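Structures are listed in the sections that come next.
First subunit A sits with subunit B, and in the next complex the same chain sits with subunit C.
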Partner chain A sequence: MNKKVIRNLYMAPYAVWILIFVVAPILLLLYYSFFDIHGEFSLINYQRFFTPVYLKLTLSSFWYAALITLISLLISYPTAYFLSKTKHKQLWLLLIIVPSWVNLLLKAYAFIGIFGAYGAANNFLEWIGIGSRQLLFTDFSFVFVAVYIFVPFMILPIFNAINGLNPALIDASNDLGASKSTTFRRVILPLTFEGVKTGCQVVFIPALSLFMITRLIAGNRVITLGTAIEQHFLVTQDWGMGSTIAIFLILIMFVIIRLTGFRKRGA
Partner chain B sequence: MQAKVSPAAKIFLMVVILILYAPIFYLVIYSFNSGGSMSGFEGFTLDWYRELLGDTRLLIIVLNTLVIALLSALFATIFGTLGAIWIYNLRRGKNTIIGLNNVLMVSPDVIIGASFLILFTIAGIRLGFYSVLLSHIAFSIPIVVLMVLPKLSEMNPTLIDAAKDLGATRWGVLTKVIIPYITPGIFAGFFMALTYSLDDFAVTFFVTGNGFSTLSIEIYSMARQGISLHINALSTLLFFFTLILVGIYYIISQRGGIRLGGLRR
Partner chain C sequence: MKKVMTGFIAIVLVSILILVTINRLNLSQGYSGADTLTVFNWGEYIDMDLVSQFEDETGITVIYETFDSNEAMLTKIQQGGTTYDIAVPSEYMIEKMLEEDLLIPLEHEKLPNLDNIDGRFMDLPFDIGNQYSVPYFWGTVGILFNPELLPDKTFTSWDDLWDPDLENGILLIDGAREVIGMGLNSLGYSLNDTDREHLGEALEKLNQLTPNVKAIVGDENKLLMANNEAAVSLAWSGDARDIMWENEALTYVVPEEGSNLWFDNMVIPKTADNIEGAHAFINFMLDAEIAALNTEYVSYSTPNQAALPLLPAEMVEDERFYPSAELTERLEVYENLGREMLGLYNELFLQFKMHRN
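Up next is the complex of A and B:
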């Protein structure tokens, strides 16, 4: 028995990690959600969450996340589809992935310059005759930058799904007289739907909890659930309310994962 | 699927790639601007790079970032690999453990950051180097497990039986059979952990104190104050550093037969 314990000692660090950094944090969030700002036990945070202020916040966060996911999908699906038809597809794919490895903050910073009053975007608008306008600190710039950041994450699972498609199925469909659009609608789309679901999952959840871009690009005009949590933890120091929002975010996350099924990103 | 790509499709792809790279090159180009802002290129200069190299505070932050990344990747790789071997050997409850493993993979950064902040406060760990290091190890462990586990599963179990029949001890089986077989997965896990750590902003933002900063945090506070072209110079250097990392990761994944799936979180 003793020997067996020693033999299995190698898994101790990993087990300790699960307990301390996976299980405990969630329980701590749950525990803190029952305390008000003065440290008294209460359910006030949950009551507050269901007031119009927080419900509106949740709804608008959902709206933006849905918009970001939808636009990303509309860009990513054709990209992944065309990508799978190119000759050196792995190389092209790598080319699309590389920007996603560049530090997120730098990309956000670049857009501060591009969308600035005299930045490239305004120069372009000037040039095509629309004239310059306020771009930074608007909903538009927020959605644009978020889509920019998430698109590679959406492309990868969809590309893998399309790439894994058996070409014989498409040949069969063509041979049986299906038109190109029918083949796409009845064969390709259903068979790659798993990739689409994964892509939506890896975009929607982070989009709900964006907080850095909301400050740098949207200038606090957009408040997501993530921004609200950050605000409560680091600015107003109301950890109870912050934890309550976090708990709801976790619940939402579980529902989404249930709906879309867990996949390792890009698998 | 090797049908001809239509010109329209080619143009679409080109536009997507162009937009993906435009902001990065925008930063790189303006890092050589003597003008001092990101609008209107006035002339070529290397002043921003000179300023960058003369900034000791920033160099210390770069050093901090690298030390955190290397140490956290190292520890995460060790613990994650052992964890993967444990999961592989489990008879019951495998899926539960994998589920727990994946919690931090799918959790938004804000939640990881906020809950770790509570954790460190309760445990009485001062916010700074150690809290950041522990957090980075913690959020890198699951990716190492996910990189190593498939390698273990594709290993033929008769290899282990053969080693045992030939008289190998458990230690011998581990070091002479299992570890060499899963080495590509371990390396891939290490590099993923490294990039996770280098890229992380949100979690670090929560668990770092006043005295300690990493590059992401520093860029954030500089960017909040507006444009300053030595951030551009810094990003140019970081971009080339990233290219090197991608190159290394690509070689590892090609040699180890690992599917190119490594993205940031």
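Up next is the complex of A and C:
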């Protein structure tokens, strides 16, 4: 009995924390989403979300986020795999993580220079004979920069999963006559799947609401839900609509995590 | 456990040290009182020699701080940590600050030099009777372009931007009022138009511009135009002036259909501590000679009529920055259209951004 009281006492700070910083903000968003631009209670925001403007916005956000996640994964899995086989793993890992210490804006501005008409990338294209072309403010540059930014966050969990793999299992697989590719498909991949899932979630969710580089790198040719939320809060001061978009983002994320996350494989 | 405790204590100690340092730093600056005056202005927006002259003449010590956006300025004044005596917001921000009751009314009898301001720039819709603000500099929205990159093009009308030869060549400003306003102006409507049909037409017209739009950017257009990344950009005249210093090939034009007229204005925010000194400063800056010197330094367009004869002729006769009376007639100040209309403008702008041909 006494123990239970003490345990609850220890729990209290965490409960308060979650209440204030997790539950309350979401409830607040929900509350604001029911008010129109004049501060009167209405469901107009939800109705507005299902107009072509916002549906198109949502679809395009998901398309780009999915593309960024997929490319990040294609780059990160082999990288993490080979990284775990190198001699100085921690050093290599550090080298990959260091760029994420540099401020995001600074990196974005650097890419404006690199992708510019007279930038390094075009100089290179000129030199190898392809000739310079429009790089900045294209879908390509947007996805490229986003992948560059997110790759470290994808590599880390996958690397941890691969690194934590018991080598005896791979030896066993080999001893039992599995080919290299079978070992990879039937042993390594399923056992590191948790890492892949974490990595995908860590990349996909922020990619959905990227907004600064949509302007700096994509010149607002790519519009995400993040851009719309920013506009509603800062420019239009239509907090209701901004909150509604945020609520839908949370709902959709919840569904996705539900579909992908909690299905335990072969427990 | 012991290690964790040591680490914990170390973090706490370092935090306290940083906190004390910050407090010390804050104390050494931004301290306003009877003999000091804190001026909050845009960067590079005043001739500092004039500030020294003001200090010598009045014995007031000026603390000068800068901001880089109206929103940043608003936030700092709302927080009220520093006793800003003078601020220089743009006209739309004045309306916002008035709504939030952040401004102190000006005492006109303490500002005899107010008569120097051109009558055209007084008594404007954002501050009827100039109860709270005095114009500091003004400007327009227009087309900044590079004749060297476009030798056989001229720009006189907004419609020139729709030229198919400019494919993927135009930079726009990331502002709903500016871009939708451009669409409205090109159709001959007012940029304060609230008729939904007219706004729909403007969007339709803007959507046709999409193939020519290279990007919709913020302040980066300065960098991009200076580096010849693009040949044409929608721009504020003040920014245009700045970029033209960097890249002398560029020139600027206000389209004949009309455009926006904007103002940066001196105000006394509620945070003020030295209201007497603030009036003295505003009156000092309104003096014809001082305003002329300041205009030569900043090189934006001055609303001070008495200062114009004191300025170099090539500056005030430059119709790009001091448009003719005829054209000025067609320039409009943004009116506060209300939240609902602003919302509509933004949604149309969003649709324009999403439009792909």
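Basically, the second predicted complex is superposed on the first by the 234 of 267 C-alpha atoms of A that agree within 3 Å, B and C clash if a C-alpha of one lies under 4 Å from a C-alpha of the other, contacts with A are read in each partner's own complex, and residues count from 1 in each chain.
Here is the rule we go by: a contact is a pair of C-beta atoms (placed from the backbone, for glycine too) under 8 Å apart; a residue touches a chain by one contact, two chains touch by 3 or more.
Every value quoted in this text rests on a predicted model; they were computed, and no experiment measured them.
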{"item": "Fit or clash - subunit C, subunit B, common subunit A", "value": "clash"}
{"item": "Touching partner for A:Glu230 - first (subunit B), second (subunit C), both, neither", "value": "first"}
{"item": "First (subunit B), second (subunit C), both or neither touched by A:Arg215", "value": "both"}
{"item": "Touched partner set for A:Ser84, first subunit B, second subunit C, both or neither", "value": "first"}
{"item": "Touching partner for A:Gln134 - first (subunit B), second (subunit C), both, neither", "value": "second"}
{"item": "First (subunit B), second (subunit C), both or neither touched by A:Ile44", "value": "neither"}
{"item": "Partner chain(s) touched by A:Ile112 [first = subunit B, second = subunit C, both, neither]", "value": "both"}
{"item": "Broader residue contact with subunit A after superposition on the shared chain, subunit B or subunit C", "value": "B"}
{"item": "First (subunit B), second (subunit C), both or neither touched by A:Ala66", "value": "neither"}
{"item": "Clash with subunit B (superposed arrangement) - responsible stretch of subunit C out of 93-101, 165-173, 201-209 or 219-227", "value": "219-227"}
{"item": "On subunit A, positions contacted by subunit B and by subunit C", "value": "112, 116-118, 215-216, 234"}
{"item": "Partner subunit A, residues of subunit B touching it in the complex", "value": "1-5, 9-10, 12-13, 16-17, 19-24, 26-27, 30, 37-40, 78-80, 82-83, 85-86, 97, 99-112, 114-119, 122, 138, 141, 146, 170, 195, 198-199, 201-202, 205-206, 215-216, 219-220, 223-224, 226-227, 231, 235, 238-239, 242-243, 245-246, 250, 259-265"}
{"item": "Complex contact set, residues of subunit A against subunit B", "value": "7-8, 10-11, 13-15, 17-18, 20-26, 28-29, 32, 75, 78-79, 82-87, 90, 92-114, 116-120, 123, 148, 151-153, 156, 160, 162-163, 165, 167, 170, 201, 205-206, 208-209, 211-212, 215-216, 225-226, 229-230, 233-234, 239, 242-243, 246, 249-250, 253, 257, 262, 264-267"}
{"item": "Subunit A-facing residues of subunit C, complex", "value": "71, 168, 171, 174, 176, 213-218, 220, 223-224, 227-229, 339-340, 342-343, 346-347, 350-351, 353-354, 356"}
{"item": "Contact set on subunit A toward subunit C in their complex", "value": "37-38, 53, 56-57, 60, 112, 116-118, 134, 136-137, 215-216, 218-221, 223, 228, 231-232, 234-238, 241"}
